[in-house]
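Consider the two complexes below, in which chain A is the common component and chain B and chain C are the respective partners.
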Partner chain A sequence: MKAFYRNMTAATMIAFVLLPFLVLIMWSFSTRWFYPQLYPAQWGLRAWQYVFGIAGSQIISGLIQSMLVALVTAMISVLIGVPAGRALGLYNFKGKDTISIILTLPVIVPPLCVAMGLHLWFLKLGLTETFGGVVLVHLTFCLPYSVFVMWGVFSNYNPDYEDQARSLGATSWKLITRVMLPLTLPGIMVAGLFSFLLSWSQYLSTLIIGGGRVTTLPILLFALMGSGDRPVAAAVSIVFVAPAFLALLFSAGYLGGRSITGVR
Partner chain B sequence: MCLKRDDRSLPKDVDARTRISPGFFKTAALVGPALAVVAILFGGGLGLGLVQSLGHLPAAGMQSMSLAHFANVLEDPDFLQSLVLTLYVSLTSTVIAVGLSIVMAVFLLSLSAKNRLVHFIFQIPLTVPHLVIAVAMVFMLTPTGLLSRVVVKLGLIDSSAAFPLLVNDRWGIGILLTYVWKEIPFITLMILSVLRRSGPELLEVGRTLKAGRWQRFRYITLPTIFPSLGAACLIVFAYTFGAFEVPFLLGRTYPMMLPVWAYKNYSDVDLLARPEGIATGLIIAGVVVVAIVCSQVLTQTARRRGMIL
Partner chain C sequence: MGELLMKNLTIRYGGAEVVSEFDLAVHDAEIVSLLGPSGAGKTTVLKAVAGLIRPQKGEIIIDGQSVQHLPPEKRNAVMVFQKSLLFPFMNVAQNIGFGLRMQGRHGREIRRQIDRILELTELTGLGQRKVHELSGGQQQRVSLARALVLKPAILLLDEPLSNLDANLRQQMRELIQDIQVETRITTLFVTHDQVEALMISHRVGLLLDGRLRQVGEPRELFYRPVDPDVARFFGGCNFIQGHVKNGMFRSEYGNAPAPAINGNGHLLTATIRPEDILITPESKYDLQGQVQKTNFEGSATRIWVQCKDTRFVILTSETGIFPGQKVGLHLPPDKIRIFPGGPESGEMI
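Up next, the complex of A and B:
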């Protein structure tokens, strides 16, 4: 009996998680679905043909734009986050608490105020409506996450291996590529994934700094929701979820534990 | 049953591997770039925002600095309504999500670790952007949405007109549901990792001491998860208080939630409304920071007084 309740709870939970996706998939494959029919009267590929055919160039360029912004943001935030995480995880030094507070602030303060403040400055620097400007504003929020993840990783890291490698004659470059990177790679993947996902789902900061010129997927999706074409909006939503979902599939093993603090 | 809290504190950094800094310059070289990025982009953004919200906008001919824009915002009757609505939405969604997350964490803990499918599915919402779920909520909850169709099929109502408003509604039901759906897995996994690490030994001790189910939960599980629960609450509150997409898509046009109101003013064609938008944004940031500082101080005092929890 206990097992029965347990299975029922698990099934209910799974249903609640999957229901929104089911609804999106049904809408994206419907060509005629009037109220109050429970399922589409006519199924078809119209929305998908529109997404990858007629509007294909726009949607695909949005996809590429989103992908590039998120990848570049994630790469920079890992590149800067790893050394910082190493120092914070391995060493004790004065001001560590202050640094921790400074790095927590961008996690807490909503992106909208910072993006609004930065806009005028970026305008003067010629960074508005550019790819670089959008990456910079995303970096503000992604970097702290990757520092915190790497902080956790390096507090479980044993630098003695590096001493051993050095005593065997390894150069600094080899220490990094042959000892440190392989040992911290799972953590680096998590840090990168968080930054990627966070940048991937940004809307308002992209809109404010990108000024509608840097058309990432969320910007397109908002425009589509305004137009009221439900099947197309559903199809774009699925395109928007897919890469994140794939990333989860590949990294399911890495997620969990204290590292999940990063994803909201 | 009265337990005195053990307030002996461990040294701050218990990790034996943490060693003395290799010197100021080396540490600075490692941490410097990250700090510089945050200081320049984040600090700069906030600072410049403050300057603009104080009315210094040379492009629009505003030279002097004053608190007038802040005063305008605070005196606007709409502001109070927006603030109350925003507080209601973020507090309610945090409380509901935390409550359900504790239940889910205890439940998932009781599942064998073999049950990887359940755990995998539970992680899915972590990667899904809020926006997508908000879109799905529109498809499910509007008067012509899926839920309304189900209710009609069941014969409970005759037409979409009789279906209660769940999106763009007074109580922000759609917004609450989106946040709860999205945040439960986040909080649950945070608690779950703590519970997994602490192991079942304490609960077994409690059982041998004849503690009932509720007592075991109240005096063992809850104190174990409390610190991470608190952190999760703060993160969720801070996010839901300042997020734009979900209330923009699912909220009412009046009263608006604060972030939507801030952006509306900011993007107004009237350049004079812009500093007020930024001021509202800074007020949002201020409320979030004050809430977090207060809750930290409260927990610290509660701990010092030896109260459990």
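Up next, the complex of A and C:
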């Protein structure tokens, strides 16, 4: 029975994750591929030559832009998520339910509405078409996740560890760096990764707030797709997915139930 | 050197008074147990000494210095919790070295101290183990070692043995005793287990409902409780009433000399321990009763005997006694303990 489930998992993985990738890779290496054919009629490196040649500098700057936005967003998201999650997970106070509803709002309300609404405000505040504005709008989508993850981590967190550490001579600062952070590190990694990936894949909000000036990779990707050149779009898609995929592999050890429940 | 003085401590938790007017001194190299049922406020006192809770009133003095305005890390009093609370991201040696590193010490110096403490707590060779690879008893010993390595003036132990099984607990008690004798560390030990408290400590303080009811050597609390509550906590369950006349306590169950009590004519309560009552199936004694129930408990049998208006509980090694039987009872005068205060109404067992 166990083997059956394992095979099921493997089959699902292949069908829904690897197969689309396979098609993408095939597209990127094809030069001629028309409808009824199962394989490309002609293979070639044209798309990749384009990506690394003519469009190379554009794509690299998009990659850097995306990376910067996603890293800064993830960092701020964690910096706010950890104390917020700690407050929500460890202490009881008035308005806790209200906060959880407000936190879920950006997730429930369609992103388009959120981005459009914020656009008006950002216009007034002069935040449109700026790096900071894009980071801020990404944060509205990332923060709920990181706060909820850290909330979960801290509801399973035993504050006695901190009392013990204080009694053993730890000062407040060392309490945070030597006890709290290591104990919640798996959760922090998950919160950071969530935020990074969410920010990395934002298109609509970047387009609306960034106004085409903050050209992250998805913005470039959509522009290239619009031109109708499928092999090039496929190649750019792979370039787009690769860093996120690497980030996922890198933090694979931290994922899973252990990280959400925290270390006991 | 370690002297701990707690003066008139009052601690409230969300409006409720958990500890009231608590006075206790722990002398240098002494091990004092704070004994009491769960919820009596024992841990609260310990946390107040450690600096994790701020008392509303009173003073805590360690080695002549008032410490209630000092943060925990400056108090020279280290607490060991009920759960071992070992940091899971560190190995055994790193856990033990935590406090030393917090003091900013590093390298070979602390490694030597860790090795020495590993030996003292019988953990030699386990320094590189991961925490989750240890048994419960080993974890608790690491937790103890982590505190001992700091050589604090006061060691505060909060029921460190209560999560262990009976055999292991006995071993650990002996280990703590041995370590205490060797290091002469002043220790305040909190427990709800009377056997543990009586066995391990030089003196015992009994805490009931946030108030310290009696402090003294183990034998003193056990044999000379100051009031029925204390007696009851130590398993006393036979209470009789009588009058004192001319230095003699007289009741319908037995008499006892009471030279120190001068409440002439007043109704007083006295107690006798279940194992002190003599019981015999023959009609040897004046006091007669009928056995209601017997419970075999191994080395002793617990017998409930109805005698006049009182039901006595007797612990005896006698085995030939069965329910329904008529027995003779004798309450040896020297074993009857008379409470100096007034009688306790309505609480006769």
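As a working rule, the second predicted complex is superposed on the first by the 236 of 264 C-alpha atoms of A that agree within 3 Å, B and C clash if a C-alpha of one lies under 4 Å from a C-alpha of the other, contacts with A are read in each partner's own complex, and residues count from 1 in each chain.
Rule of thumb we're sticking to: a residue touches a chain if its C-beta (ideal position, glycine included) is under 8 Å from a C-beta of that chain, and two chains touch if they have at least 3 such contacts.
Here the structure is a predicted model, which means the values were calculated and not measured.
Partners chain B and chain C, once the complexes are superposed on chain A, both fit on it without clashing. Contact with neither chain B nor chain C is seen for A:Met8 once the two complexes are overlaid on the shared chain.
Aligning the two complexes via chain A yields an angle of 90° at the C-alpha centre of chain A, spanning the centres of chain B and chain C, rounded to a multiple of 10. In the superposed model, A:Asn158 makes contact with both chain B and chain C.
With both structures placed on the common chain, the touch criterion links A:Pro182 to chain C but leaves chain B unconnected. Judged by the number of chain A residues each one touches, B leads among chain B and chain C. After overlaying the two complexes on the shared chain, residue contacts for A:Arg166 are found with chain C alone; chain B is out of touch.
When the shared chain is aligned, no partner comes close enough to touch A:Leu125: not chain B, not chain C. After superposing the two complexes on chain A, the shortest C-alpha to C-alpha distance between chain B and chain C comes to 9 Å. Shared contact residues of chain A with chain B and chain C: 158, 263-264.
Only residues 47, 50-52, 71-73, 77-79, 81, 83, 85, 87-89, 98-99, 102-103, 146-147, 150, 156 of chain C touch chain A when the two sit together in their complex.
In the complex of the two chains, the chain A residues touching chain B come out as 6, 9-10, 13-14, 16-21, 23-24, 27, 35-38, 80-81, 83-84, 86-93, 99, 102-103, 105-118, 120-121, 136-137, 139-140, 143-144, 147, 155, 157-159, 197, 200-201, 203-204, 208, 218, 221-222, 225, 230, 233-234, 237, 240-241, 244-245, 247-248, 252, 255-258, 260-261, 263-264. Residue ranges on chain A touching chain C, taken from their complex, read 158, 160-161, 163-171, 174, 178-179, 182-183, 185, 263-264.
Residues 13, 15, 17-22, 24, 27, 29-31, 33-35, 37-39, 41-42, 44-50, 52, 104, 107, 110-111, 115, 118, 120-133, 135-140, 144, 146, 148-150, 152-153, 160, 181-183, 185-186, 189-190, 192-193, 231, 234-236, 238-239, 241-245, 249, 259, 262-263, 266, 277-278, 281-282, 284-285, 288-289, 292 of chain B are the ones that touch chain A when the two sit in their complex.
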